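There are structures below to look over.
There are two complexes below, and they share subunit A, which is joined by subunit B in the first and by subunit C in the second.
Showing the complex of A and B:
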């Protein structure tokens, strides 16, 4: 009996120790993953097709060109989006200054009324252009907002070896209560994510559908977010991506919202 | 040998067979009934309850399909309204803090669709922020600390066309939450859980819970409670009254057993057949009880009268059944016809109700003529020693019945005149009937649900919601300014109707976003842009700025091919709702919509209007059909069209008088009153059949009109009067029910019995006196 409790204690200590080490590793992995996914290259220019597929299977298409410039590696970023489709929003532009430590700044130019309006960015979880991706999904959730633990090191997703990491928000009220992330062991890209609500119910699933090497950078060129409850999903397809095109920061200003930079947007 | 005689022989054979069987093998009769009752009672364990009023329409009914499709397409759900009213204002920090916590707890309730709750802390508001910022964010992210903040929230609600009048009354005295639920049959439970929460946080203001689903579901639940209470209560009183008349417990036991077992068989068969017990079929026991007892009272009454003559059980039984077999067969058959006629109505629960009540009546008839004799046979003779003796004495009761006979023979002219006046007065009353129904009003005026309904609808834009669907036929059709203008104008037109509290649709979102996009000060921008591209971009702005796409897609489909206009009403009376529907029809007729746009209604109040319509026309038809069939049956039974016509008089006058008084009283003709017409018909013919058939039997024996007349006011007259009293008084407890339909049913039993009894015992003898030469051609006077 005594022996048993001693060995139990050893197991517990080892487990605690392991967990402590792993927690550090887990956060490190999440950071690496974040950098690989959101900060590839110094800038990026991509043509994107977004398909919102409702529960009846009906598609809504959005097409836009997206410019991204990293101001500080792993920190501040600037985004510029130019919409082409649906046709009635053609020429509508949208700009985000991402501030990891504060609320983002967002501007919108509405060509039909020739008006620039700032948009409130209090809620990072609100839908991005009506899709199943939230603003946070597009620009990234900082790894320090959650505590991470490695659940398993022997996972495979689509034949790729992966870590499974569980993340729980530090803040009491958040958009999820647990997120499971499968991180590619080779590229650190997120291969799959599952979001659980406070009742432990799965409500969102992210999948990296297609991974390609572009300009030497491994990139997810097609990704899907599924809203389990609504039975709706959104797929983002990168029709083309260029990295390190040498974007200037002055593009990301109100002036260019009205007059899109011809160099990148044709 | 004529066909009639052949039939009569068969008839006699059945009768003889039944009498022989039940008198020779009483134990076997009882045994068979006990076993079968056990089998049917076992079926009851699988009982399923259905309180969904949508099931008043067949599953494949287009209106219903469209309603479900609309709910699905726009993600709409049935909802409860929870309101708080504070005379000195609900918009203060204290009240909003309570509301904040109440809302938080409500989101946790199983079956509540938390994402779609409309509450200050959960709905989005569109407003201006500093530095030319457009904000779409929850109206009340945190509970306010000060009364000024609370008042600011009220201001925001009043500035938002989608929230105004819904979340708060303009003066801020009332505040409401709208709680969508997964399915209607959860609403009673959820309302209970919400009440527990509001009780916990409910100091200061008074909380109310309203809404059609909760009314209908709660009605269903309370109805079953009433069923369990009312039927036995009526049973007890009937039992006591019968004891008063016959003073022998053993002899009055069979009617009670017949009533209870026929109810068990019927409900068991209903469950067995795979039907859920609907609000309508939960009424079956209360309908069957009196009908089941009627035959037995005639049997016991006759047995009671004859026993003192024969002083021999079996002989008395044979004579009793012999004399009563035909009238009982016909009274039961006519009542069966009355209920079977409901099958012509295309409302499924009404059909099920009619069919199974008819089944129950047939069972009750069969049991009455077997169980009563069987029980009597098993009784020791000494238990019957004093039975029937009381009638030898000149009791007040038998004097009273004879008095009726004397009255008719002396004042027959006055009686005939009064009957004519009654028919004329009734005809006027019938034309005054107002067809109207509102499930909320199935509760008494002081019921919490009624109080909540009144209070919330007085302060807010309404707890009743219909949806007007515009189908543009192709993607982006709704963005067309021409159509948006049309919707806006139709909204303005509908809002003129006094019960329309407000309307809300995609038009309001477009106008509001446009207004705020332009800075939120220029009133002129609060309008629909006349350029389709601008409409598209404004809607895109809404989607871009953090507005919940689900909120938007409650008013428009995501492909913008269909729009959903919410029409919120303060009154759920079908009559009132129908006036809104008529207004819309009128507008659409006068102003044709842009081409290819299809406009249709959905919503629970709309569905109620539709089934009421079907029900009322259906009931009229059923009544007509059964009236004709019963007349044919009577003419056949009496082999005389004249007798047939006379026999129809009590039921005609009873129906006219009862429904006319509904017209005069201004009581709306609603679902319960509609289904009672078949009961009225079925029951009010009974006395006439007994009266006429037995007059003729007696006359065959006596061949003398005077003797016949006097004798009919002995036994048969007493039996009829006993029935009147037993059933009428037996259902008096229902007058005190909490549920209006039960009060209605109780009142109807009382009215049917007294009116048809009085007409039978006064008008029929008067007519017999006037028409005696035609009716009794071979009589010696």
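Showing the complex of A and C:
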């Protein structure tokens, strides 16, 4: 009993300390979460399987390899995607230069016609390859686009202690009117997100389904976005991830768009 | 292509694969599709005399193997033409080896390949590589607009930008309507004709000095891609006629041009221009060979709503030495009339073209509705292509579409196809 109260006291002290250190600023938490989720390591190489499951349970599958390089921490990033499946997009490559202060630059290469196409990137909310994830979900919505408030500091998601943050877009017309995010107290990764429309109705749910440590970095290796209205969901499974592989910036150019860097893409 | 050629190519590919085995992953990737395409002509009295411009089953196979610095790729189509039941065709779309020499930042691509550059959306100025307009007009997949060529492509990447040289030893023309699947305007007959009146053009002799060379320089400047182009070769369409030898041919051509493409106002803007130097009629006084010309285009594309993209393009073409052309036209007219032939068509000095593309995706991008329209204010003709595609699953898709032509005169670019309006159905299974 005595032992128990001591450990309880320690837990309470740690909790208070943790709160004192971390609970101060909602925006700071969102920033940390964004960094943990989108800027892990200096670069990342992942093999991804994406399953789009419609309301009838029918599955569509996309397989691709994704390369990411951070140019500035929390700022510019470059992405490269090589599609393997399905057959009609096989060998297609896609490149994004993400710029949080301006529109992204996007390129698509269609090998069957040797064509490099520049894509307009005005609408970040359009679906990424027909999935329930938008372009913004894949490359990240900058935390400064919303105002954040801490709703609760004592939440639990899948046995993990979490903060609950409410975010509202600064811009009047946006893809949602409120987003609730459950942020893991230990890793700052988003464990769950709920998106509400202007009528206050829940329309999208994000969940971190599987969390693993990879190269010393805690990573969400399986995630799902559910479209409540369409009764459809998309699960992204990272079949493999490597961090800090030493990618060079010149990989993210038209040269490699046409000639996939086979060192990374098998 | 005959069987011996094909087996030779397959042998060569296997050989290359083995030679490069040391730097290659030992895995061979493959895939492809099976496709059925049926197209129906909807105009009466088409001189082709056939109701179905296309009825075919196609099997495409892709083979690929690669290592860190080299890659072997092959893509071959087996086609059964349902119109002519005895006709089987093999089309080697691509068969190349690609390798990098990283110490000098160079990439090489050697073999049969598809080549594309330039910025226009279905309008080509500096892209002088072979095209298959026949496939384009009867409902085959967009990829068939580009015809393969056997070539060597060398790309050199430097701090100043990238330099590309393409050498094409064997001349490969555009595939244009022959009157069999699609009727077309015959200048000497002065009317739209079918296969009976088709004159097969004479290709340049297969010798070293007739090799085509294309050059491209490109670099990124503040998010814009700037490019310069040069080409020495031939017109890819038979725009030359020899009244003495009574033959149609591909005149010699040089092209010099430039382009710019980048992001503006949340969309993509592109600009391209080129000078076509008609080397066999530099003064423009031979009516039977295309005059030199200047061509330019500007386009803008943006997303107008979620999963709805639209673009608009203007192009302008001006004939050089129009005075000479007019004089030569008068002479040609006198000659034709004296021979009892219809007076030849007189082209305008300038030609304008407006195009617009609309693409809408629905139902989690499993349905794609597409519309592309060409309209020429100067020639008063138009061409509209539209399609709706439904992806039933990752493997199976269905498509219905059409190609509709209209024009005031039968001799303009689209006006000559007015009897070729067609609707088609396509079913595709990918693996």
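Operating definition for what follows: the second predicted complex is superposed on the first by the 242 of 266 C-alpha atoms of A that agree within 3 Å, B and C clash if a C-alpha of one lies under 4 Å from a C-alpha of the other, contacts with A are read in each partner's own complex, and residues count from 1 in each chain.
Here, contacts are C-beta pairs under 8 Å (C-beta built on N, C-alpha and C of every residue); 3 or more make two chains touch, one makes a residue touch a chain.
Just so it is clear, the structure is predicted and the values come from calculations on it, not from any experiment.
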Fit-or-clash call for subunit B and subunit C when the two complexes are aligned on subunit A: clash
Touching partner for A:31 - first (subunit B), second (subunit C), both, neither: neither
Partner chain in contact with A:262 - subunit B first, subunit C second, else both or neither: second
Which of subunit B and subunit C A:103 touches, first, second, both or neither: second
Contacts of A:210 with subunit B and subunit C, given as first, second, both or neither: neither
Greater residue coverage of subunit A in the superposed arrangement, subunit B or subunit C: C
Partner chain in contact with A:92 - subunit B first, subunit C second, else both or neither: first
Touched partner set for A:51, first subunit B, second subunit C, both or neither: neither
A:129 touches, of subunit B and subunit C: first, second, both or neither? both
Which superposed partner A:61 touches (first subunit B, second subunit C, both, neither): second
Colliding stretch - subunit C into subunit B, listed as 115-123, 223-231 or 331-339: 115-123
Shared subunit A surface residues [contacts with subunit B and with subunit C]: 52, 54, 58, 60, 86, 88, 110, 112-113, 115, 118-123, 126-127, 129-130, 230
Complex contact set, residues of subunit B against subunit A: 129, 131-137, 476, 479, 517-518, 529, 531-538, 540-541, 543-550, 558-559
Sites on subunit A touched by subunit C in the complex: 52, 54, 58, 60-61, 85-88, 90-91, 103, 105, 110, 112-115, 118-123, 125-127, 129-132, 230, 232, 253-255, 259, 262-263, 266
Complex contact set, residues of subunit A against subunit B: 52, 54, 58, 60, 86, 88-89, 92, 94, 108, 110-113, 115-123, 126-127, 129-130, 230
Residues of subunit C touching subunit A in the complex: 25, 31-33, 62, 64, 66-69, 71, 75, 98, 100, 107, 113-116, 142-143, 145-146, 155, 157, 162, 218, 220, 223, 225, 261-263, 266-268, 270, 301-303, 305-307, 309, 361, 364-366, 393-395, 397, 428, 430-431
